[in-house]
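The block underneath contains the structure these notes are about, expressed in structure tokens.
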Amino acid sequence: MRIKLINPNTTASMTELMGEAARAVAAPGTEVVLATSRSGAASIEGHYDEALSVLGTIDEILEGDAADAYVIGCFGDPGLLAAREITAAPVIGIAEAAMYAAAFVATSFSIVTTLERTRVISEHLVRNYGMQDHCRRVRATDVPVLELEKPGSSARAIILGECEEALRHDRSEAIILGCAGMADLAKYLEERLGVPVIDGVAAAVKFAEAIVGMGLRTSKAGDLAYPLPKPYVGKLSSYAPTKLFPTTKRQSAERFAISG
Amino acid sequence: MRIKLINPNTTASMTELMGEAARAVAAPGTEVVLATSRSGAASIEGHYDEALSVLGTIDEILEGDAADAYVIGCFGDPGLLAAREITAAPVIGIAEAAMYAAAFVATSFSIVTTLERTRVISEHLVRNYGMQDHCRRVRATDVPVLELEKPGSSARAIILGECEEALRHDRSEAIILGCAGMADLAKYLEERLGVPVIDGVAAAVKFAEAIVGMGLRTSKAGDLAYPLPKPYVGKLSSYAPTKLFPTTKRQSAERFAISG
Amino acid sequence: MRIKLINPNTTASMTELMGEAARAVAAPGTEVVLATSRSGAASIEGHYDEALSVLGTIDEILEGDAADAYVIGCFGDPGLLAAREITAAPVIGIAEAAMYAAAFVATSFSIVTTLERTRVISEHLVRNYGMQDHCRRVRATDVPVLELEKPGSSARAIILGECEEALRHDRSEAIILGCAGMADLAKYLEERLGVPVIDGVAAAVKFAEAIVGMGLRTSKAGDLAYPLPKPYVGKLSSYAPTKLFPTTKRQSAERFAISG
Amino acid sequence: MRIKLINPNTTASMTELMGEAARAVAAPGTEVVLATSRSGAASIEGHYDEALSVLGTIDEILEGDAADAYVIGCFGDPGLLAAREITAAPVIGIAEAAMYAAAFVATSFSIVTTLERTRVISEHLVRNYGMQDHCRRVRATDVPVLELEKPGSSARAIILGECEEALRHDRSEAIILGCAGMADLAKYLEERLGVPVIDGVAAAVKFAEAIVGMGLRTSKAGDLAYPLPKPYVGKLSSYAPTKLFPTTKRQSAERFAISG
Amino acid sequence: MRIKLINPNTTASMTELMGEAARAVAAPGTEVVLATSRSGAASIEGHYDEALSVLGTIDEILEGDAADAYVIGCFGDPGLLAAREITAAPVIGIAEAAMYAAAFVATSFSIVTTLERTRVISEHLVRNYGMQDHCRRVRATDVPVLELEKPGSSARAIILGECEEALRHDRSEAIILGCAGMADLAKYLEERLGVPVIDGVAAAVKFAEAIVGMGLRTSKAGDLAYPLPKPYVGKLSSYAPTKLFPTTKRQSAERFAISG
Amino acid sequence: MRIKLINPNTTASMTELMGEAARAVAAPGTEVVLATSRSGAASIEGHYDEALSVLGTIDEILEGDAADAYVIGCFGDPGLLAAREITAAPVIGIAEAAMYAAAFVATSFSIVTTLERTRVISEHLVRNYGMQDHCRRVRATDVPVLELEKPGSSARAIILGECEEALRHDRSEAIILGCAGMADLAKYLEERLGVPVIDGVAAAVKFAEAIVGMGLRTSKAGDLAYPLPKPYVGKLSSYAPTKLFPTTKRQSAERFAISG
């Protein structure tokens, strides 16, 4: 099985870090292919960074080398539903995966994330994924994403401190790491905290294996069907669905049944 | 006051139609500037079309000609929060505006939209905007967006029929038109249905005037602050915040306070 | 356009204060007519005060001088749906208006209100208007309504302090003033806090203009139809709908179709 | 124990009907005192009727003859929280009582009510009382309230038919009668339907006995504390709390601690 | 009327304590029969204890001595829906009863319970019973259940302290005691706190009287119908519904109509 | 890896059917150990059957042969949290697993289950797992559980018909099979329906592999900690935690710190 792990952040060292986390948990028969987005922000820390990151993610999915499943390696799950439209292979977001993983091993969790400004993004995802009863709190550390991998940074200690606050004050029973760039911290924190610490990258890779192993593919019966054939213009003209995706009979019918 | 009405669909005739709806309601002192996105889908009918439409919307906001407010003219409100990050001028989505307008004049409404595949998008917005108690049902007509403006099309009759179903079966007290391309139908339908029929384009223009008139600007205190300065690469390198946005002192502090 | 701003509190000086806030934002063509309720509490600070305030509000709407829209100037939005029944002109509540305005410019807000005992009223409105995901907290200052306008009062400082707490602890990105009597504080606070501060009176006036400008009127198709003709007795006999409202054909049918 | 059952509808024959339902279930030691509101609508069928009905309900509570508990006999529970402010004796609404009673004997119910226009009122109560998971549907029969007691009316048959629809289509396991005027139908319907049929009047009387029997009184610690002392003017000047309610020390403190 | 109060905890002294609370409020004609479960945990303090407690509760209901209603005396309401299946007599849980009682006399409450590990159980019940808007917080004291009845224990002081925190910080207007073993504390706390303090045992007994007094029985139309006839094996073979419950005609039809 | 698949239904042929579904998807290194509960109902079709099934499930977990993870093979997920308390190995419910699997490949689903009386159980799980926005409807077929495996039964055709209704009327994009006994129908239905059809047994086995593969174990920090040491009596005396589970230092402290 071939899982393509796409880092929508354009920082290759972060992709390596995520790749290590992924490969550490991948099953023997699983090949994890790493891809660093070639367009957009060095680190995704807001709605704007997220929105623009989708282009690079789409590029990685549309490219020739088909995968059995895709993982989007940014905790905001940017472009998740768009990505699901353009392939029948399962696409897994790391926030979604982390939350469902946490729900399997704890009745409550806190999310510990990077900048305060990304907290709202996580809170929206908690609601979108129906995890309001499980998530006790989203906690920001105000550690920037790229700070996480700097040698000598105090990031690790700050994050540990925030996790301890979560256990003490939120009385949460598990911690979710709210950034792909924290993927290497899970074991370190778990040993010190004594509760499950969930890295979404590992969770998404394992759930991708699971979904593929069940023989499931993304539903093409509704909003996740391939994009309808239509012209695209300007900088994005090469993204026109007409050239890229299969047109189903039902779609043709939808397109042309009305006029007259 | 200058309101820039951005059509994220790249079809200029649709922009004209929206512009007429906008100018019909604009206050005397309001100048409505029309902009048709120069990148992306001729018509937005899904998550993929939406995600890619954000680039063109961002282009229109970043361009030199500052406006007092922006309206995003697509019922999925694509890129709304990203757009709010990159300007302090208010940005109004037409779905959001339509739902709040409906809530001011009715305790319940149905949304009548185009293709079945876009229904989920509207349902997600209903939840995001807290309108679950107001929205009785989202109804798809399976009329494609561009069909709406074809002469001789049966689109108008189909939509009227669906609205009548909404009044009869959902017992809704108002109708929201779930597509910017329906902007010219509001009066036609209202006369036949006898209930408020709300076009989001008109609603967004009027609410943009209202917000500007109150002296309100988008909050820059949290997730809607200007994007943080950072490198962008590849096709999107020109979108790097460093070149585009003011850096606040607090942001600098956030950036550099950690290492060491 | 003529907007009647009704103060359900029977304190004329508070009406003046609200009128100033209203006129400061009203469009050139808008005439704001002020009305102080002639029945009920000097200041509305609880369910009882609210419930009894509705009579005075109804009186102001039923009076001869028709308006294009009405604003109810008390943050509990007392009698809002009753008021919408008895006129087809839009009726806007200031709490509802303030929350939708805040949602246009921020993803989160806190409400800063007067007495602790009114906090529950605001919390119920947050839920009724679907703003649970936006509202981080309702904060009471225990400043009585009429204290707000006393010279030499420490009310202003107390409210500023509470707003600062909201920014620091709730991490809210905007402040809503939870009392019509705070209408004059918005600018003062906004300058000191650096985030949008929303006064519902100004918001309601601008949204009233917007709704009227869209040509929308309250739906008469369901629960907001004119009251059914029927006898009223005792102190309220003059409020019998028979004398006051148009009877639609459908209403007559509803009334008389059953017996037999 | 003395329970005052207040009919906010000003139709005495309906009060008698409710009184029979109440006395049929009252415990041996319970005296049910009937009161027909002396102000307002002959029948309450909308927000306006409801809002104006509160005055008559307040009159009945403020009158000399103290009761151990009060029941408000209209399915919209009009003025419930205001009523709770002005007495420490428990006040029970019949909609609230009916829903909790249903939840004790069934996991789902449908509400069968009178006019379509009152359906929204019931739906709001379902949400306010947290019964969204229990209530499958609110069904209107378009039978006016006063039609219920007319001899020879087809009202009874229409309501039975609607209840049958509820069992068949909603798969509900219990029926709640959505109008005090249906109090005499519970047994008739229960025999024919074979499921619990709940009349809110009986439920409220029994729950009032229960709450009194537990020694519970309305909390005076927050929003349900006695109204604050203050002037009332105009037609309502006699309702000024100053003359009517005890002033607690804490309230005095609240009132006077700020200025200076 | 005969109400059987079942203590699913197998500690007889706790049953006595609950019995005293029950009898203190029972109506003259009510006989409260006490039963201590003969199987399972001395004290129920978790999901495992709860799940295993159901057997003993079922035994007490299935035994010959029919009651008019049953009360399950453990704040987790363990086995409530299973118990409702096996008898048509009403079955009341003390958590459910306490929350509805609180809602009748206050707009907000806090639950003060025993061990931190049982807090999640209460939080789940708050959601299941639709009390999210009423319940401000569930507070654990980390006092074990059986500690409550030890002479010389500091349990009482600890609980009082936690209740005071609830009033001060949650601004709750009533307290619910989150354990049947606290039944004797209600009056003690109420005198000191000045707000309603609700013991679920008393509440459940009074509501059981009320439901029986209304003539209501558990609905047998859906999921609460008697268990379907079928074989049971092993340690539980004597629990086979075939021997224990009436088989309705509809159930027989359900069973045998399909094959062929 | 060793996954123990426990069938809480005491019908061995159903266990075989589930085992086939499990083994068809298990990874090469996964050993699926089958266990049929030795106590309780031949088929679980209600709250009573469910509640009593927990004993047999607990027996299978407490038995000597340790597993790396457990799957509870009944769509009501009976005893899930109790099971999680008594082992640190992950325990996965098939309903929970099926819903999260569906959420990974579709934005909406319908659940097709057996008897109408079990529908409420599924609806409660939908809410507990936060899937209200994903689940369009729970549909009962009134096919009894054991009918599913009878040769010559029309069960298969009835279920196919109900799934077709779900696609047509609910517009769902995926189907979840609401009974472990339907595990062999997934492929059959998927071929005919053209949308993902999810069997919870397969989903739970794959997610169990995934959770184990991530190195996650059930949190022992809160309500899922091992049961506290305490006496158990009567038929269940052998289930006393004292003999069965490790006592942590913190638990000892909790037990004994209070008195004195």
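To keep things simple, chains are lettered A, B, C, D, E and F as they appear, and every chain counts its residues starting from 1.
The rule is simple: a residue touches a chain if its C-beta (ideal position, glycine included) is under 8 Å from a C-beta of that chain, and two chains touch if they have at least 3 such contacts.
What you see is a predicted model; the values in this text were computed from it and never measured.
> Using the contact definition stated above, find the chains touching both subunit C and subunit E.
A, D
> Validating interface symmetry: for the copies subunit D and subunit E, is the fraction of residue numbers used by both over half? Same or different.
Same, since over half the interface numbering is common to both chains.
> Which chain's centre, taken as the mean of its Cα atoms, is farthest from the centre of subunit C?
F
> How big is the gap, in whole Å, between where the Cα atoms of subunit A centre and where those of subunit B centre?
Taking the mean C-alpha position of each chain, the two centres sit 26 Å apart.
> Report, in whole Å, the distance between the mean C-alpha point of subunit A and the mean C-alpha point of subunit E.
43
> What positions in subunit F touch 2 or more of the other chains?
Answer for subunit F, listing residues that touch two or more other chains: 81, 84, 107-108, 116, 119-120, 124, 127-128, 133, 171, 222-224.
> Which chain pairs here would you call touching?
Per the contact definition above, the touching pairs are A-B, A-C, A-E, A-F, B-C, B-D, B-F, C-D, C-E, D-E, D-F, E-F.
> Provide the residue numbers of subunit A that touch subunit C in the complex, in ascending order.
That would be residues 116, 119-120, 123-124, 127 of subunit A.
> Across the complex, what residues on subunit B touch subunit D?
The contact residues of subunit B facing subunit D are 107-108, 133, 171.
> Could you pull out which subunit E residues touch subunit F in their complex?
10, 37-43, 45-52, 54-56, 58, 79, 81-82, 84-86, 115-121, 124, 127-128, 142-144, 147, 150, 152-155, 158, 222-225, 227-228, 230-236, 239-241, 254-255, 258-260
> In their complex, what parts of subunit C are in touch with subunit B?
25, 27-29, 81, 84, 90, 92, 96, 100-101, 103-108, 128-134, 167, 171, 173-174, 187, 194-196, 198, 202-203, 206-207, 209-211, 213-224
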